[in-house]
Amino acid sequence: MLGITGDLALRIAKYYALAFILLLPLPLAGDYVTHLAIMIMLYSITAASLDILVGYTGRLSLGHAAFYAIGAYTSTLLSMNLGVSPWVGILAGGMLASLFGLVLGIPSLKLRGPYLAISTLGFGVIVQLMLINLDWLTRGPLGIPGIPPLPGGPLDLRSKFSFYYVALMLTSVAVYTLHMISRSRIGKVLMSIREDEDAALSVGVNVPLFKVLAFIISTFFAGLSGGLYAHYIRYISPAMSALSESISILSMTIIGGFGTLTGPLMGAAMLTILQELLRPYLEYRYLIYGALIVIVMKFFPSGIYGFVQFLSRKVRG
Amino acid sequence: MPVSRNLLIGLVAVIAIVVIAALLLTMRPIGPAGEETVKIGLIAPLTGSLAEHGLDMKQAAILAVEEINSKGGILGKKIELVIEDTACKADLATAAVQKMITQDNVYAVVGEYCSTVTLAVQPALMESKKLLLVPVSVATKITEQGYKYTARSCANQWMQTTQHADFIAEHLKPRTAAMLGVNDDYGREGLKIWGDRVKEKGVRIVAEEYFDPGTTDFTPQLSKIKAADPDIIFVVANIRDAANILKQAHEIGLYKQFSMLGGVTSEEFLQLAGDDALGLVHVSYFEPTSKRPVAQEFVQKFVQKWNRMPAMYSAGVWDAFMTLKYAVESAGTWDVDKVADAIRKVRFEGAQGTIYYNEKGQAQTKVLLVQVQKVDGKLRRVILYPESDKEGVYIPPERLWGS
Amino acid sequence: MQPTLFIEQTILGLMMGGIYAAVGVGLTMIFGVMRLSNFAHGEFYMLGAFLTYALVMALGGDPYLLAPLSAIAVGLVGIALNKLVFLSLYKELREAKGAAAFFFQDLRFIMLTIGLSILLVDLALVVWGPIPIAIPSVFTSHIVRLPGGLSFSLARIMAFIVATISLIVLYTFLKITKTGKAIRATSQNPSAAALVGINTYRIYDVTMFISTSLAALSGSILGPIYNVYPTMGLDVVAKAFVVVITGGMGNLMGSILAGFLIGLAESWGGLFFGTEYRQVVAFLIMILVLWFRPRGILGGRS
Amino acid sequence: MILEAQGVIKRFGGLVAVDDVSFGVREREVFGIIGPNGAGKTTLFNVITGFYKPEKGRIIFQGVDITGKKPNEIARIGLTRTWQIVKPFLGMKVLDNVLVPIYVKRGILRGISEREAIERAEEILEFVGLSHRRDFLAETLPQGERKRLEIARALATEPKLLMLDEPAGGLTPTEMDEVMEVVRKVRESGVTVIVIEHNMRVVTGICERIMVLNFGKKIAEGTPEDVARNEEVIKAYLGERFHVGG
């Protein structure tokens, strides 16, 4: 299917299963660690989805948080205003996000590099301002408290313990799907666009179509994780679409190692954990945080993933 | 290199990171042995664009804890303060609060500045039965959701804005008004409440303008207001923006009566705005010049420790800690349900005045209305209202400006 | 609508445009020459303002007199950072081949400057504290009244004049001096410039100096008007990028034109749609311009 | 005629890069386009393959007017080009470089099975002599192999007409021979070939007919021998101190 042999799919699935099993006992470490793990997973989906756009297709986005916010708002408003099940809401959130991905993807087809980056930045800001200004729909800048939790049948998904397992399952599925897409024919075609648009055109690749497709895939997953976030934290506000959020998602993708898909997972884990470890330093901690970003990027262009590879090569001699 | 080996390296690394971090993060700090303490958390924006207000909160919290501990703590237990930065971001704040709940096992959390952050952390705190004492966030909704463990020690948006609107309508008697607010929850709610209230009293709103957070130049908005020619201009903004708004209004020749909410009650505001603040009428729920002994003591201690005058946010934080102290002492137990009930019954003299709470946990603080006037050549806030605290009379700004 | 309101809004929009242009010029220059999207540009603006404040405290005098000093100091910081962080990366970049490799280098540079920005904002927070600081100047309190009810502070007019002069000086410098010509040559074609014997790394230093000191100068002349605080750079940098992109990255005249365009668009947009839509209008204008001209009004580098 | 160009004009500002050029290419021949630097050869390629839109004129491929079509559409109906400065997908494996056009041609979602696709890609690599590089990243290949990879990638689109832009440019004589060998084999397999080339050894070695461009204008067309004797061609090339047959 799609150019992945069942063999490869199975082999990669095995690693995911292994990771899944290894991460099962984590909630025993307490609610704080569980909460962080859940946040890391939600960020992982978003950062990995951005990687499809940035790392695989070579399209820089500084507005990815907007899709995360659109997913969150869609699911929230559907479930609170129309009584739609949050599960359906999350899916609808992903779809609406990818619709907006289409809306952003088409006009930005001709744009490259910083032009694309700043346009997407503008899109993020516009979405944030619309969430604030269209208060008849979005309930305005104060945001929406009291979002219903995910219905879990016998499980109470307000508890972090049970939510962790739902999130672990969904994240595994989502990231595995992204992984499969990146290894599929579509993934290879996207990479060819990243490598050289003209060359891709000259061998018959419908470049505009695939660029838009990359936006749609990427934003769909961002929307999904936004919906999950909304029903987990149970409070959302327009600040979700702020530039700083987009930048932190992009940081995870790039610092983790773009174009690898496992890199963004590492980035999400590292940056989230780093922020927590630096907590005791209060207002001094961003000195360390900023300096670390500079150092990693200066010495390891392919991010933490590159660093880990470097280490493993050293170990093996 | 084979695909699967790279993947393996990646996944193993992720798991290693997570597990090592889990170990690091769950290690409990070793405290002084023997002495029993109760931990209280403070969440505030210590970094980011609102860090100046976080500083007000942090300094007051440290001072309050020192004060309580120097008098033997609460029910014999010393208080240990845990401070976390939120940068006014919901995700950082929820993680911080989760850490406080799980790792530090705090008894209560005091915070936050941003209403959006307070609302974000509220469910987690309520479900784990931790008290949330809100000293600054004014969004009315925070205490309207029926949470038993939430209490707010400052006047909320509704209280201060309606009382402000009533005062303006009754004493200044404008026929028309313009409104200018920051385009976020604070500004939007403020303008809505104020506008509706003064309209009931027959005041016509001739302009409603917004500016985005981070704006430094307000002349476009002010120019529109100037063209609408209102009798009074109501502004919802924090210190930095408010000072610029007054300066720039005068720059483009907009000399009108300005009025604002409580967010501008600080010495720094008067320094930043300078003489442009003359004539401004605004809400205050804390006056450092107040003659009341408790306020005097608070101001004196604050100045002694931090070498600056406390802002009203500092007073809110101080009173939040004092609420906890008096509530626990009157309940005679640390049992959180009993303390939550006790909060709704205590009545004490705080920095802001006499503090007591309603059923919803909203402090019924006194809202003061002040005007910035010159006393002995120095800018000072003069209390106009209520009668009991009155220090002077309202002077139309034209007379204060002289020419 | 009153005609005076429209005129006043237009003038205010143009004045804002002047400020956008002043901040944007350094940003566009550094992109044109070094291909660097500098997300830390706002922090040099902020550093300039704080340094001016520090100089006023230490030496006394008016911030508008001390601004050039602080601009030079920040320019030197820019050179130091260039040597410390970016230079070796440019040497690596020479080896890079293919569109993807360049794209990835761009990403790396963007992330580096974001890290730098986080670091510098926090540095300012730790050193000078979070409370906004007013820099006293004789110019801020003087208000010039024009006929028709219009008036501006002398400081604002000063800022406009200083910005204009520095743009003219920069323009002349690039047109007539040898270094200026070398900068333009490097901007147009770095490898050809290297072939004719231009030391491009030295040109990068000079460009960094000019760019950061221009940012610092803007910060120094606007600081007394808008006050000084650690996140002031973040408040301008996004808008500066919008201006630079609209004008065409690397195109000096484009930035100046786009500065005025965006300034006007915001003013008029606020007038017609309500001020809560000012920014929406600014960003939509940018997106519209890019729809028809993917490389900005006057065209720029990709 | 598999390809016909009729009165093609392409301008850049005031410069006329291709000036009223008409020519036809017969099926299964190797057709050469030569001319001094800046004669408009590559521009003509870009016009034919849809990267530029001509101001005037028509391009007809297998009886269909393809003027103004998008490059990817043109490639999909069997007219594929390579690039003077090679553009392999550097960050991808050699095999994947060839797989992308196969997927595009045979169907991304359905159609060819993965096994067939890989077999086909391996065949093509074998054909150009790159089997031993199958799993290398394209960026690790030397220039000669990159040129052959570029041809392999173009062949993977199953072209009826292959347009090669200086396939031997910048190569050592040995590498050059390898590339010429590939071109001959391509032609034998039934694909028509158009070659832009500077090197006359290559041109005379593989081309049946040649067209000469100078300053955007066609100045001669015919067999290599005819063209070599054409006075205008000699004049154009002498200006460049270029010796026919050298």
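Here the chain labels run A, B, C and D in written order, and each chain numbers its own residues starting at 1.
Quick note on the criterion: contacts are C-beta pairs under 8 Å (C-beta built on N, C-alpha and C of every residue); 3 or more make two chains touch, one makes a residue touch a chain.
Just so it is clear, the structure is predicted and the values come from calculations on it, not from any experiment.
Asks: Considering only chains that satisfy the touch condition with chain B, which of them also satisfy it with chain D?
Replies: In this structure, the chains that contact chain D and also chain B are A, C.
Asks: Count the touching C-beta pairs: is C-D or A-D ahead?
Replies: Taking the two pairs in turn, the one with more contacts turns out to be A-D.
Asks: Can you work out the whole-Å distance between the CA centroids of chain C and chain D?
Replies: Centre separation, chain C to chain D: 47 Å.
Asks: Report the inter-centroid distance (CA atoms only) between chain A and chain D in whole Å.
Replies: 42
Asks: Need the CA-centroid distance for the pair chain A / chain B, whole Å please.
Replies: Computed from C-alpha means, the inter-chain centre distance equals 34 Å.
Asks: Counting only residues that touch at least two other chains, what does the list for chain D look like?
Replies: 87, 90-91
Asks: Going by the contact rule already set, what residues in chain C reach two or more other chains?
Replies: 98, 100, 122, 125, 276, 279
Asks: Enumerate the residues of chain A that touch no fewer than two other chains.
Replies: 129, 132-133, 194-196, 259, 283, 285-286, in rising order.
Asks: Please list each pair of chains that are touching.
Replies: Final set of chain pairs in contact is A-B, A-C, A-D, B-C, C-D.
Asks: Along chain B, where are the residues that touch chain A in the complex?
Replies: Spelled out, the residues of chain B in touch with chain A are 3-4, 6-11, 13-15, 17-19, 21-22, 24-26, 46-47, 51, 83-85, 89-92, 94-96, 98-99, 101-103, 115-116, 119-120, 122-123, 127-128, 139, 141, 145, 183-185, 187-189, 212.
Asks: Considering only the defined contacts, which chain A positions touch chain B in the complex?
Replies: 8, 11-12, 15-16, 18-19, 22-23, 26, 29-33, 35-37, 39-40, 129, 132-133, 135, 140-143, 145-146, 158, 183, 233-235, 237, 239-240, 244, 260, 262-263, 265-266, 269-270, 272-273, 275-277, 279, 282-283, 285-286, 304-305, 308-309, 312
Asks: In the complex formed with chain C, which residues of chain D make contact?
Replies: 87, 90-91, 139
Asks: Where on chain A is chain D touching in the complex?
Replies: 2-5, 185-186, 188-189, 191-192, 194-196, 198-207, 259
Asks: In the complex, go through chain C and note every residue touching chain D.
Replies: So the residues of chain C touching chain D come out as 97-98, 100-101.
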